[in-house]
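Have a look at this one.
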Amino acid sequence: MSTIRVTIWNEFRHEQHADHPASTLYPNGIHGAIADGLIPEGFAVGTATLDEPEHGLSSEVLANTDVLIWWGHMAHHEVSDVIVDRVQRRVHEGMGLIVLHSGHFSKIFRRLMGTTCDLKWREADDIERVWVVEPGHAIAAGLPEYFELPEEMYGERFDIPAPENLIFVSWFTGGEVFRSGACYTRGLGKVFYFRPGHESYPTYFDANVRRVIANAVRWAAPSHGPRPVFGNARPLEPRA
Amino acid sequence: MSTIRVTIWNEFRHEQHADHPASTLYPNGIHGAIADGLIPEGFAVGTATLDEPEHGLSSEVLANTDVLIWWGHMAHHEVSDVIVDRVQRRVHEGMGLIVLHSGHFSKIFRRLMGTTCDLKWREADDIERVWVVEPGHAIAAGLPEYFELPEEMYGERFDIPAPENLIFVSWFTGGEVFRSGACYTRGLGKVFYFRPGHESYPTYFDANVRRVIANAVRWAAPSHGPRPVFGNARPLEPRA
Amino acid sequence: MSTIRVTIWNEFRHEQHADHPASTLYPNGIHGAIADGLIPEGFAVGTATLDEPEHGLSSEVLANTDVLIWWGHMAHHEVSDVIVDRVQRRVHEGMGLIVLHSGHFSKIFRRLMGTTCDLKWREADDIERVWVVEPGHAIAAGLPEYFELPEEMYGERFDIPAPENLIFVSWFTGGEVFRSGACYTRGLGKVFYFRPGHESYPTYFDANVRRVIANAVRWAAPSHGPRPVFGNARPLEPRA
Amino acid sequence: MSTIRVTIWNEFRHEQHADHPASTLYPNGIHGAIADGLIPEGFAVGTATLDEPEHGLSSEVLANTDVLIWWGHMAHHEVSDVIVDRVQRRVHEGMGLIVLHSGHFSKIFRRLMGTTCDLKWREADDIERVWVVEPGHAIAAGLPEYFELPEEMYGERFDIPAPENLIFVSWFTGGEVFRSGACYTRGLGKVFYFRPGHESYPTYFDANVRRVIANAVRWAAPSHGPRPVFGNARPLEPRA
């Protein structure tokens, strides 16, 4: 199998405010921390951020991306619709997409889901306990049966279509549950939503979180099946 | 159970061209033929068409619609984005949506699916044989194990997310198959796509097709579950 | 729609031990409490228990049952394989089956699932908070977004096939989560597993629990689709 | 990734009757032809047949099998329940299982599905056209959008639980359709049913069929997630 090419897209705003905890936690940006977790896995890793030209997601970058990782929060509305169109088209063509945490409200995720993707939330130093409910799935490889994180709370109802595969369900100290690892297919592309990753916690340095993201990259990489033929079609004659 | 209120939306263009077969087949419009099939079932049936103000889909009409049926073909692009937003919001709130035939390319269906919804097609007097593959589902009530229609061909790959429930698979004389009855949930709303219904065939007078649409109306009607609460949430204290 | 005929099957052992809390909580048996919740809904309700001849599930009783409810715990192994075969066959023919709480380990549920149906458990006066994760589903009709019960804990990993529809996820004070409302189809029959109902708690008197069971009865009732034809088949000639 | 260890189980009866076409088509047995297709893929391939002691499936063989392939037809009833128990247990522990063609009626497949697994069939030199309906799935890698085989017909209704992923749908000249590639999870194990493979056709020498089986082996190989902990559990204390 050839090397999987990953592009990590990060809004990269919180980390640039000196008085925001993210600036200390993620001195190289959230994308930097995620990259540090993926490079040792043997992937070819690039990054892109909101304030670059075309948000760093030129047609060429996307054409050379097998799996795109997406972290955004405060500036979803600043992402250009043209770029969102482009990313969506690439997913349909087979590029994998991993949407992290507050990316649930990104334009691209809402487009691919067709729902509001709304949820409950609370910043109150909850403990999140992430339970593996589908331990036979590739994304659960090498994990313990649950792991814990100091995190922001996200709670149900999470307004998403029922996942094709539900891998994780989170328990929060404050009393909520959340479907925190959800798999979808859109066109030829695989999509994985993974809940943890509030910018005020060192979540992307956590070994289990890094394991999940690396597993998801492998799962979401294109499998190079047939490219569908659409449009007007002549009748088929069975082979003699 | 209170009466289910159905609104049948039809583009209503083909039928108004005197030289189009639809003008003879559907003198009261496709919406008229569908309405004739639903009224004897005890539903409260209204209709709306593209060229009415707000396409006949005012906020008030939608607020009083339990299930919306959608037929469109040549003028998808003329449907206002404002109205599509409104319909999508109502689906999220619980309104059922039944998308028929060439409605696969409607703005509302593509929005709810997140995919291109593209497919193969051929106008060549194929016979379609619609097989029931999930006979225990409510939408299959009262049907034979298969039924046949002279129809336009639609063939796989149909670029939709994997259906939550796949009820019908069609066989075509020309050699194709098609997932022709597909159920989804989006927000609180149920969505059903049903393949048959090319404007040049008397499909909406067929007894089995009418049975499917009536069953789908009952299945898609809102079930009045909890309205989700989204946003910032306080920790919950378990009941003492 | 004709009256739905429900048979409530109960092991009925705990309640007959004078020193077991169930004897006080359920003086008419768990089946009696469930029946009391269903009768006002307009169903035709019968009961059957382990120690009756054929466990109360004669071929005639089953032939006249639209939905069977199953509660068992300490005596799963005493249920005759002949009766389990009979129930399984009726599910395949379209009878609905609602499996409650410790029924997860019943022969019939394990047969229909094909897995061990094992789980974690703890009797320790946990509070269970049952969250509705699929509020648009018929089984969630009329419920609040969550409800609470003093209950025994069941925790993931719950070794079941991924549900076709996942309606509820439970949160427990002790730190666990559980997929507590799960829908399946087996043959023509619909199957619903619902977690709450330990014999030492008055769960089956709870208004929300009764609402869920009544909703599930309506959802699981046979929809009278086509009876499949199996076996050797001649080629079909398309309708001329 | 370490080498995937495959065991191909074959009933191996048809091929041993000199007057049966299988004896000519498959001089080394169906298992031999399947093995020939898998060995060049780099798997470690073993075989086992019905008439060996323990049907060739000793505890040791199964403990050293990552993916088991199953072909049976005329002698399903001769497979010992003890061995079926053993195979089912191994699937629950994570061993992949690929069930081929008439294996739909094998004890192990019916056990894992919980349904009758019945279907329509016809031996009449149909042409089967296998359409890829989920081209983004790993099992579709490297395939054309459809491929054809001279084959026995299998037709819907196929009495299986709705597949978790439906990869292929077959069209037959005689007028039927069939869900011919279906994915499931049971316990930690992945299960794939693949329709083609009647003993009177050279199906297992077909390049596309071999591609599917090799892809399915990779997909079904254990992913080594957490081994679930079942039974009585103490409350969890969140990490301080």
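Labels A, B, C and D are assigned to the chains in the order they are written; within every chain, residues are numbered from 1.
Just so we're on the same page, a residue touches a chain if its C-beta (ideal position, glycine included) is under 8 Å from a C-beta of that chain, and two chains touch if they have at least 3 such contacts.
Just so you know, these numbers come straight off a predicted model, no measurement behind them.
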item	value
Chains touching both chain A and chain B	C, D
Selected pair, greater C-beta contact count between A-C and C-D	C-D
Approximate Å spacing (C-alpha centroids) for the pair chain A, chain C	36
Centroid distance [mean C-alpha coordinates] between chain D and chain C, Å	32
Chain B: positions in contact with at least two other chains	129, 132, 134-135, 145, 155, 157, 162, 164-165, 173, 175-176, 185, 187, 226, 228-229, 236, 238
In the complex with chain B, residue positions of chain D that touch it	129, 131-135, 145, 155-158, 162, 165-166, 169-172, 175-177, 179
Touch list for chain A against partner chain B, complex	88, 92, 111-116, 118-122, 124, 126, 153, 155, 157, 159, 161-162, 164, 173-176, 184-187, 226, 228-238
Chain B - residues contacting chain C, complex	94, 127, 129, 132, 134-138, 140-145, 148, 150, 164-165, 173, 185, 187-190, 222-229, 236, 238-239
